[in-house]
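Worksheet: one structure, shown below.
Going by the order they are written in, the chains are A, B, C, D, E and F; count residues from 1 in each one.
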Amino acid sequence: MRGEGFRGLTLSELLTIKQVEKLFSEGRRIDERGFLEFREIEINTNVIEKAFGSARVSLGDTVVVAGVNFELGTPFPDSPDKGILIVEGEVLPTASFGAEAGPPNEYEIELSRVVDRGIRESEMLPLEEYVIKHGEVVYKIFLDFNIINDDGNLIDAANLAAVAALATAKMPDINYVKEHIDELNSINIKEVPKVGVKIRDLPIAVTLGLKNNKFIVDPTFAEEIAVESLITITHTNKGELCSIQLLKGGLTFEQVFEAINIAYEKNIELRSILERNGIKVI
Amino acid sequence: MRGEGFRGLTLSELLTIKQVEKLFSEGRRIDERGFLEFREIEINTNVIEKAFGSARVSLGDTVVVAGVNFELGTPFPDSPDKGILIVEGEVLPTASFGAEAGPPNEYEIELSRVVDRGIRESEMLPLEEYVIKHGEVVYKIFLDFNIINDDGNLIDAANLAAVAALATAKMPDINYVKEHIDELNSINIKEVPKVGVKIRDLPIAVTLGLKNNKFIVDPTFAEEIAVESLITITHTNKGELCSIQLLKGGLTFEQVFEAINIAYEKNIELRSILERNGIKVI
Amino acid sequence: MRGEGFRGLTLSELLTIKQVEKLFSEGRRIDERGFLEFREIEINTNVIEKAFGSARVSLGDTVVVAGVNFELGTPFPDSPDKGILIVEGEVLPTASFGAEAGPPNEYEIELSRVVDRGIRESEMLPLEEYVIKHGEVVYKIFLDFNIINDDGNLIDAANLAAVAALATAKMPDINYVKEHIDELNSINIKEVPKVGVKIRDLPIAVTLGLKNNKFIVDPTFAEEIAVESLITITHTNKGELCSIQLLKGGLTFEQVFEAINIAYEKNIELRSILERNGIKVI
Amino acid sequence: MSEEFRRVDGRKPDEMRSYKIKAHVLKNADGSAEIRLGKNWIVAAVYGPKEHFPKFEVLHDRAILNCRYHMTPYSTSERKSPKPSRREIELSKVIRSALEQAVILEEYPEMSIDVFIEVLQADGSTRVASITAAAVALADAGIPMKDLVVGCSAGKINGRIIVDVGEYEDKEGEADLPIAIMPNLRRVVLLQMDGKLTHEEFKKAFDMALKGAYKLYEEQINALKSVIKNMEVLEGEDRE
Amino acid sequence: MSEEFRRVDGRKPDEMRSYKIKAHVLKNADGSAEIRLGKNWIVAAVYGPKEHFPKFEVLHDRAILNCRYHMTPYSTSERKSPKPSRREIELSKVIRSALEQAVILEEYPEMSIDVFIEVLQADGSTRVASITAAAVALADAGIPMKDLVVGCSAGKINGRIIVDVGEYEDKEGEADLPIAIMPNLRRVVLLQMDGKLTHEEFKKAFDMALKGAYKLYEEQINALKSVIKNMEVLEGEDRE
Amino acid sequence: MSEEFRRVDGRKPDEMRSYKIKAHVLKNADGSAEIRLGKNWIVAAVYGPKEHFPKFEVLHDRAILNCRYHMTPYSTSERKSPKPSRREIELSKVIRSALEQAVILEEYPEMSIDVFIEVLQADGSTRVASITAAAVALADAGIPMKDLVVGCSAGKINGRIIVDVGEYEDKEGEADLPIAIMPNLRRVVLLQMDGKLTHEEFKKAFDMALKGAYKLYEEQINALKSVIKNMEVLEGEDRE
């Protein structure tokens, strides 16, 4: 995965990976965590006052910031009665030695699309309610997130930040906009009275690594390279699967189901952390 | 031409070129064809059921697929009463060792533009009939083609595929669209009743190579590199010239006319092959 | 600045730079100019008959061509009652050994933006008068310039060319366009009766180099590399500052004021050269 | 599931569309294959192993596997720009990752192997059809592999679990589950899911997709066998 | 200037917004810093000195300093495309040029040093806040410097000269003057201006910006000191 | 053709527009030339032969000839984006191909020669005017050539064959035939055509274009002679 190819790794990264591998063979993790234990999670919302919604999440040393923006836009021709949700994420060049400025590479695109799928497929946002005028004007919601520091498990961290930013966002009151539909050109979307975003679900992504036929959760950067396989499994509020992505390597048929069960257990744990931060489906 | 530059050629390609050159000096071609003989031509139309029109053409080992798409669009400001025709071709990376993925290079752009000019200048399609509303809504016709395997003479093969795909296309009935002009936004162009495309001409491109002051037609990949000059000459149904492109090298003044005469003869031959496949100007 | 990096310099350029440095230490310039003396300036306007306005300016061996174009466009949402001015400049690959074809690099972007700021901040053009319909249709003015040959001091030369092209442009009569507002789609902006452009100011950029704590004006290519610092200071007609850009190196606090005073003096000199060419604020 | 239930194209829930795989369909490529699955028409070409360029990217312990999944402009109902979309970039990545599990890259240090997949007509489940063709193309190129790779999808529409998801079912259905496996090593190497599935539904869908994959694996073998037969015929001719 | 004059956010003309600089805020970077200035929230990271790549670009007498100033999509009122704009490219250039005056590049021939600046929330005067954070990040990375670099802006609104221009003042004001200096060497290394200022007004604005810069310089020192203190504490721990 | 027939700009069918070629117009380029043909104003610059970069592209038996044909944004009625269009890429290719016939590239293995053509004002037949200027620029740079290259166009409007097609005639006419030749070697090195021409009309148009090209060839020679004269004058000065 990341860290591969000609860019190579720093010497310190290489040494850590070696150490991680050695410890794995002894049944231990480098930070003495349990195999199914998450690092410390910190969630702060509304960290960007000027955005409609925002969050900063840290998962150990992995740090993500997410922001939400609302615009007026034209719906896609094949869904004239739905708002538009655009999820884009980038790993900033601040995040690690190997991270590069420039257009998103395939790992960043996969990261964005996995986070996007969780939100979209869980139907977290009621997009069908974001229509100002059928086929012509809808809300366009941008959810942008950035990895500021990369110590692995970007998907889980980004998913938490995205979900926290969306769930705590204040959006422009659609009734107000509809009442002023004849003056749409002169509406400044930033100045429309705001109401809380209604959410219907909270997708929770859990990424597992597999090494020596044992699963770990919340892999660090070095662990992501050391493990043989990586898989992300996202659950809805009701415990349904809403997104899976095998990121690296392979699994036996049985391991697929084992992974799903672990992800389900951990999803409940993460869900309660979100709830402690006031983020839940009402 | 292609095959030049730092990408170089495979050893097998180089050996073939040497062999082609040796045989040329003996008055022979590598596949024992006559100098003015085409390879076997196969034309299949409607190979992509979901497209409005399509064709697969093989010219010896050169294989091209072309597809036609109709959309509603805005006319160009300087031709408010004309439909829009867009011809774009790419050599897929499947086509040869040297073919590359990525934006079209100058040879692919030349290939597209020569095929485009033949179709456009022969006035094959009645673009002025493709207007839904003067200056506002017209048909936008996309003709895309792809080289799947490249054994030379891409222009002739692509031209045949393009012409076959266009001539056998079923287009959305413009009268139906005009009748529903007030509901344009909700028209799905794919579901409009279809009628056959009317064609007014069939441009036929013939590419000639020159080696030791002798012309050959339908050059293979190795022959294209071995010859000194390459020229494509396109004729209309009535025997007019509608496009010429000197692709490589030079010609004496007399050779220009010799090339035109050969291209004319071969154009008649290709035209009859198209006719045998049911493709002709009515 | 330019000339740096791996592209390197030609041997002849390197020798000139060495010579420039040697002479500087003797208090001399390579072309025996005074430290505060400009090279010969030639200004020709209306050199591109087909453009709305144009100019060719040479400053010693630096040659710039600028052209002006008017289009109809949509205003920016945050300034619905203002025309749009777009200033873009490129150093053509003809300009020097090191100049490259391709998208503008950071030096070309800086060059364009400094020229743009002078014109915009001096409020040379009455953009608020270029509105056809509030929030919907305005004039979009393109000022494009190109460096044809680069012997340094591109900003001053480009600024003179830009200002001369704009000041002498003939623009489509806005009253005529307003009268035909119902037929905007069929208006060809090139055929609208023309009137002279009204200008309210003339920004004059003066670039200074600093070497051994002495300022020079109008640096050549070799001098730009030899000096420690470079700064451009632009004045309005009334002697106000309207743009400053430290291009390279640093200055003491006192030198900042010294530079401004020199730039002011030289701005008056350049202004009188423009006036001799019939270009002035009325 | 009631016996009467029929899908939009008349199929039973556990019924595959018709399929056909052909190996060695392109003259220039070192290996190639074509798959037709319903109206899917996909071509895969392999070039390599070959010297990798540029040099500084070379891996000293194994070959680099490049993979491009690409849809032609006319392959979809709405014309697709030939420029790779974010979706195509993601699929190229997961397909490459799956094929890397099977190809013995260590045999060719400092070299590279290119896999080019072109979707000529798309009809749902293109990614698993693509990987199925790509594996045959790799085998056709004589590249050493631990196992073939074969893919199949399952999904859910109107509450029912179905195999080999067609285009309409992909758009209108409630869930999509594309998988690819190494059939002899019994390992999943591509696994994606979107939509909503309970754990139970997932199990059912996963099993259906596995069965489909094993059927296509037979077809892969047939395709490769007829190439070998052709080769033997040719070698026979040679001997004469 | 009347004593009663208050700016839109209640500040006096010569009053800075609240500010806070923190060094060493990122785990992976060799050096890093965060600045908050009003609602500006900007992070700077330094990687290097490190081997420069590609080789042909290397300078044999000094290190290459790369610099990227970048605004995140959510940092501004209207969503910003993540692709660098012409404005961001220009600012990256002038910030790099300023930092090059302070960094002793000759110490690391053939190497490169990367400075990445990310604006997480923009609130006017981002470029001078950025350079102020970047200099702390460079120092935090242990890169040898002749001096720190610190920036502040001045401007003019409603005819009054003001320091530390906020977003509203940037948009509605008559002039903007961002500067950055090496505070001990007393040299200006970034200087831009737009809008209209008489020579007199310029002088006043320049002096105000200088004063602001020296205040922020104190804060830079504090930020670096607490890192050193932290290090001492850690070293202390080490010794135990 | 009736004697009374006059073209939109008053020309007879076989009448060229006014033209003027000047060699050595740019200070920095190794060779340069400017052509004015009607309102066309085109500048060509040559840099090289010079070391080619990057190294891996080098040809070991000859120089690489690079060529860029480019229109400035203000050269056309509608503002043109400075980014090269597909048309400009095609014309760059055919112009390069034509010049490669004349330049003795074998004299400079492993090197490259750059030809940059900038259209400052376009007035129809820019490609043939461009190649005519580029050949003079190459000669001015002292690059060894087998022959000059000179171009001219012919066309058809209102059923009449005309030489040196102007902008209006290009847009409104029925056919356009740009050619370029090596005048002494009597070889066609650029040949394009679009529109409709019978074989007979083509012959007539081709002959007209040839005649036009030979006229411009005289002007090329004049332009190069006056450079040589200037050089002699300069050398004379030198001797004094």
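By definition in this document, a contact is a pair of C-beta atoms (placed from the backbone, for glycine too) under 8 Å apart; a residue touches a chain by one contact, two chains touch by 3 or more.
Remember, it's a predicted structure, so these values are computed and weren't measured experimentally.
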Of the pairs C-F, C-E or A-E, which has an interface that repeats that of A-D (more than half of the contact pairs shared)?
C-E
Maximum centroid distance from subunit F, chain identifier (CA atoms):
A
Chain centres computed over CA atoms; the one at greatest distance from subunit E is chain B
Counting in whole Å, what is the centre-to-centre distance of subunit C and subunit D, each centre being its mean C-alpha position?
57
Mean-CA-position distance for subunit D and subunit B (Å)
31
Show the residues in subunit D shared as contacts by 2 or more other chains, in ascending order.
56
Provide the list of subunit C residues touching at least two other chains, using ranges where the numbers run on.
none
Footprint of subunit F on subunit C - complex, ascending:
47-51, 54, 61, 63, 65-69, 71, 88, 90, 92-97, 101, 103, 142, 144, 146, 148-151, 190
Which residues of subunit B touch subunit F in their complex?
5-6, 106-107, 109-110, 112-113, 117, 120-122, 231, 236, 239-253, 255-257, 260-261, 264
Can you name the residues of subunit E that touch subunit A in the complex?
26-29, 32, 39, 41, 43-45, 47, 50, 68, 70, 72-79, 82-83, 114, 116, 118, 120-123
Any idea which subunit E residues touch subunit C in the complex?
56-59, 86-87, 89-90, 92-94, 97-98, 101, 177, 182, 186-199, 202-203, 206, 210
